[in-house]
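One chain, chain A, links the two complexes that follow: it is found with chain B in the first and with chain C in the second.
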Partner chain A sequence: MAIQSTVSFEELIEECNDAIATIDFADAQAWKNEGHTQALIGCFPVYTPVELFHAAGALPVGLTGAGNKIEISHADSRFQSFICSIIKSTLELAMIGNLDAFDGFVFHSICDPARNLASVFARTMNTKQVEYIHFPQRIPSYEAVVYLEAEYRRILAWACTLTGRSVTDEDLRRSIALYDAVRSAIGLLYDVRRNEPHKLSTLELYALVRYGHVAPPEKHLRILEHALEYVRARGGTPKDRARVVVVGSFCEQPPMDLIASIEQAGCYVVDDDFLLGRRFFTGGIADTGNPLYDLADAYVHGSVDSSVKHDLGHSKALSLVQRARDHRADAVVVLTAKFCEPALFDYVLYRKALQEAHMPHVFLEFEEKMWLFDKIKTELETFVESLLFS
Partner chain B sequence: MSLIVGVDIGSRGTKIALVDRSGGLRGWHLARTRPPFEDLVENTLAAALAEIGADRSDVEHIITTGFGRSSYPGRDTQVTDISAAAFGAAAIFPNTRCVIDVGAQSSRAVHIDGGGRVKEFKSNDKCAAGAGGFVERAARYLEITLDDVGTLSLAGREPVTISSVCAVLAESEIINHVSQGCSVENILRGVHNSLAERAAALLKRVGIEEEITLVGGMARQRGMVQALVEMLKLPVNIPEVPETVNALGAALLAKRRLERAAA
Partner chain C sequence: MHDATYQGRLHYLQKQLMADYYAELTASAEGNGAPAAYLLIGGNPVELLRAFDMLPVYPEVNALQLAVKKNSLGHIQSAEDMGYSTDNCAYVKADIGMYFAGRKTPFATIPEPSLLLCNYVGCNVYLHWFDHLAEYTKKPAFHLDVPFIRTASGRPTREDIDYVMRQLHQLIATCEEITGKRLDEDKLRRAIELSSETGKLWSEIKHLTKHRPAPYDAYFDSVTMMAPLYCLRGTEGGLEFFREARDEYARRAAAGQGPLPREDVRYVIEGPPPWPYLRVFRDMFARWNAVAVASTYSTVGGLWEFGFAHDPDHPLESIAEHLLSWNLTNRNFLQRYDQIERYLDEWNAEALVIHSVKSCRLFSAGQGDMREYFTKRNIPTLLVESDLEDPRYFSEAQMRTRIDAFFESLAHRKLTASASASGDKA
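Up next, the complex of A and B:
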């Protein structure tokens, strides 16, 4: 199919990069001011059932901290120095007024700091609505889906109070189908990375996916579909690089220069868990006639492994080994945010499983505010050299 | 003559090793690192070649390493100082399983396999307290030459404790020790103990396994070597020219790569 747009791929990526580089959420505000949406709802990582908010007439906007664009001068008074960066920079955004246009915020039971952040937000932003989704902690239980459906019903009702609209099952189905299409397009781009990594850099893919954090899903889908056409038509031949799977950055995001450094060090990132919530499901969401149940069932039975989802009947570590093999990876890069307890707890299990499977790996830590990458780049280069020179 | 040139552009010194196609070290040369790096490398290389009666036409391949490895446009390939140190140490002491590389601005501990391949490594953070730059600052404050530091340190019988993790704060500690009347020998031994402690801590993180080889300019300081041996309670290999091990390792890695490409 011919590309209809006159916009080049580079311009497409530039548009995405411009949108995700700002921390004032101007595009989302404009979208609301123009009457395209009734409310803006800030969604903290990792996963949020954004379909509920979209169906209710709100624009779900991803909160991913502020990178190295602000100094933390207020949030330090609420959180200790041993708390990860995204918690403090997200709160800082709120305290300096960058989130004033938002109508509500949603947090989840992913870790203790995120749970506390919800409470601090509720007190700090006391004119805004703050909600908290309690995801099921016993995944194998039959009641997990039923429980989560009820939880989603509660959250949906809350979203409807923000927008002043009521939601039908048909509204929900439309939103689920739209986000399914977005996830499918992202999945196809990841397939390109896996099969022809020279056609799409990790940084380009990252920008395309992250754009969905700040753009309406309808627009995001168009961008992704255009990108897919461009990328498939790209030429080039693969270089002699190490194929790696990157895990551990599912919540706080590494600086984009650091993501670029991974490839500059001689790697092809053939899979990752950046912005994991944007591709949280292993397949499409079923339509059994009850969209809330279907969405809950997809979380319980059809979602990807995550350090913030606990399924005691399933080994995430062994799945990581299998995932690396499925992607024909030479190695795994465990790239975690400093002080990220879920990622660091899982690393203990990953390390053992990777060593037993003779899958090389390297462990690296980052902070969203870091701006010097020499040390981490040298470590990555050394790791790649140990793979390629052996 | 066909030469493979290993160039280690460190933060303080630039080292060149000339290796022939049989892997033999034909020559080496050291220079103070000063920009512009292109001139620095060309001049140092010219000096190294002249010392063995060779010229630029004998150079087959140039590989760079060290913090400035990307800064010399004339390189054919580059490799990190961690890989280079591992391969160089293993070439000199084939039973080496752990390498400690204490440079001017950073330190690294590397666990390697029998072929010199890196299995695991750790490097210190940006602070120079765990690196040779700290010793330079101490020597400057104590008004002694760097060449005398190792011998004086060996004479220290009651080493002072230097606990700061920051080179600037550690310098303040040294000033306090001087004002309290501590001897230069005991202060320098305290400095070496502090460095050895950090190096040993890095080594523990990658797993200590004999044999251990110390590379980098700090290996010339006998007090540092003694402090490390006492800290580890294990013998430590010291190369004849410890500053050039990374340049040598880089050159030997390039040689192996060229051979594989030709095969």
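Up next, the complex of A and C:
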């Protein structure tokens, strides 16, 4: 769909919100039925090399659970009460048939529940293809790049079996360039929010980014570019709010009402790690003539901090403090999904570093399925007030 | 009730060997011993450390010892005061709490590490744990990244093997730097030979429980043998222990002696034990004359019973193979189903007990699916929940009720089947 110049920014956001609100993946299915793509591949968080699937003629679709739009009535018999919600809601979607249109699924070595979910998925969706990417943890190192390049070659071959296509280096380069453009446009929107947060709310930004989970990248890019034009032209003056960096929500996503609550509590979110996989690199992907190597090298040497990536020579906690300072943040909000071990482990080191740096922070837990936000909003309001008086 | 002394000399020998091992740790902590290398149980490459005369220290073993000695809760709570969540692995919390309490335990003073070797074999918590230890100790750390088994063949790819081999060479360079010694290839070969022999004996021991009655309990007695298997593998003393164990259990098998006066139920058990309540838990099974003939937990460090042995002619290659393929933790969840099925068939077990522990999601996440899988195959399956380290999650009365109900229904099922078979004959 070409973006009509008559479409307002609000209508643009509404279109994004409508697309991401559904859990039946009707748009993706329609896209496939119209012959635009040969296959739909569901990608579990955090980061997926979506370029491989796009180059193979598939549409990579982000799986981010089902939020508070579903009642878990099957998957809770498979995963225990102490397992995070996204694991169960994603499986529930599969068990009730909402993922029937998908041709394949990919999971990654992000945590132990996600690892076992890949196996349970393979058994549950026994007619579907399930793949698993082991991302290297010997970071940064040359051998990790060599390993990951081979891993990407394996995954690319799998994607090609789903679509029946073969992929050239040129196809890969085109897909990398396209997704690089998407990442770049998202980065520019993040810059706007960081520098002029009154021009772009986090809720709007979130909807724009998440739209890429369900839409083809070509269409996503047009929407992002259009949004960028709008927000740059927006007027208004900043309000007296606390500037905060939000971390800890890189996998399971907080309900949008909760994101809104952060702003309603008197904060400008100037950086976050929502939907981190869609903007995983610190810069563009190099073009050395070997696109798989380039993509692997970007993961190993040019990707952002993440609780599911371990680099012994680099302190994520100190980096968070620096990031908060670079963003002229007044505080850090650690917002982690209930039972998310990677985030909960990182929090301990974050807390230590933030305390040592005298950077105020608050720790909050959420579940994607929560629907009452009064308590968390009150906590945030109290925290913001404490910032004003400190 | 079961005969608590049936292990006889073996039990005494294990205690003695582990006391000697912990004395070595204390000596190291006091500056009179070998440099300590922390590493993890999953597919542990202990032979390489032995070749450098480094003392292996397993934070998991220390944590479980704390729990067995009813000494874990205070450390867990200290860690929670630091910001660790009630939802974080309690092994980690007990270890970190103990570290900041001066590393003193009822069994040893744990030395500061000279090397933090994170053999990342499946468990993602391993990475966080050693990241945190690196932050607190400021000691050299090495991530040995072992790609997870994820292909349909159930085997590592050629690139996986190459990747691990390259890292093993880097690990050797790191050990050389830390110890100031070049790798002694003869010493490595000898450690591998000892491991190879130890592994073969352990495999023999595992297969002995195919006898009826099983000569020992493959869960509650295997855990006694697991400490020497990891802490002493690659040493003469470790090998000698397993010779004794094999001889003792072979003798008992030949004599038709089991760990209990009667063997009414043969079951397979999945998951780590509740260390703070090990004896209580054991008695819950013993009162039903139920004997574990196989356990998945006893394979976290290695899967020797299915054919693996270290190869002295190819030391590094076999260490890589052990890390990648021949341990439970690096295998995928469905491979664990296969492993359990083999146990049920080849070890002639009639039931499956799943002990789901909150701390270890590597083990527990998805065990509801496992229960469904085996129940549909008409295998009576019980799933109970507690924890491996945190005593707050063990509800004795609830656990006992669930276990009693399961074995009671199993007994009823047998009676019904037997009555039905008699009826058919009549």
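As a convention for this text, the second predicted complex is superposed on the first by the 386 of 390 C-alpha atoms of A that agree within 3 Å, B and C clash if a C-alpha of one lies under 4 Å from a C-alpha of the other, contacts with A are read in each partner's own complex, and residues count from 1 in each chain.
Just so we're on the same page, a residue touches a chain if its C-beta (ideal position, glycine included) is under 8 Å from a C-beta of that chain, and two chains touch if they have at least 3 such contacts.
Keep in mind that what you see is a predicted model, and the values were worked out from it rather than measured.
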{"item": "First (chain B), second (chain C), both or neither touched by A:21", "value": "neither"}
{"item": "Which of chain B and chain C A:83 touches, first, second, both or neither", "value": "second"}
{"item": "Which superposed partner A:151 touches (first chain B, second chain C, both, neither)", "value": "second"}
{"item": "Partner chain(s) touched by A:30 [first = chain B, second = chain C, both, neither]", "value": "neither"}
{"item": "Which superposed partner A:378 touches (first chain B, second chain C, both, neither)", "value": "first"}
{"item": "Dominant toucher of chain A (residue count), chain B or chain C", "value": "C"}
{"item": "Touched partner set for A:117, first chain B, second chain C, both or neither", "value": "second"}
{"item": "First (chain B), second (chain C), both or neither touched by A:143", "value": "second"}
{"item": "Set of chain A residues, in rising order, touched by both chain B and chain C", "value": "none"}
{"item": "Sites on chain A touched by chain C in the complex", "value": "76-80, 82-83, 87, 109-113, 115-120, 122-124, 131-134, 136-139, 143-144, 146-147, 150-151, 154, 308, 310, 312, 315, 317, 338-339, 341-342, 344-349, 351-352, 363"}
{"item": "Residue ranges of chain C in contact with chain A within the complex", "value": "82-85, 87-89, 92, 120, 122-125, 127-128, 131-132, 134-135, 141-145, 147-148, 150-151, 157, 159-160, 162-163, 166-167, 170, 332-334, 356, 358, 360-362, 364-369, 372-373, 385"}
{"item": "Touch list for chain A against partner chain B, complex", "value": "372, 374-375, 378-379, 381-383, 385-386, 389-390"}
{"item": "Chain A partner contacts - residues on chain B that touch it in the complex", "value": "67, 79-83, 106, 115, 117-119, 121, 123, 125-126, 253, 256-257"}
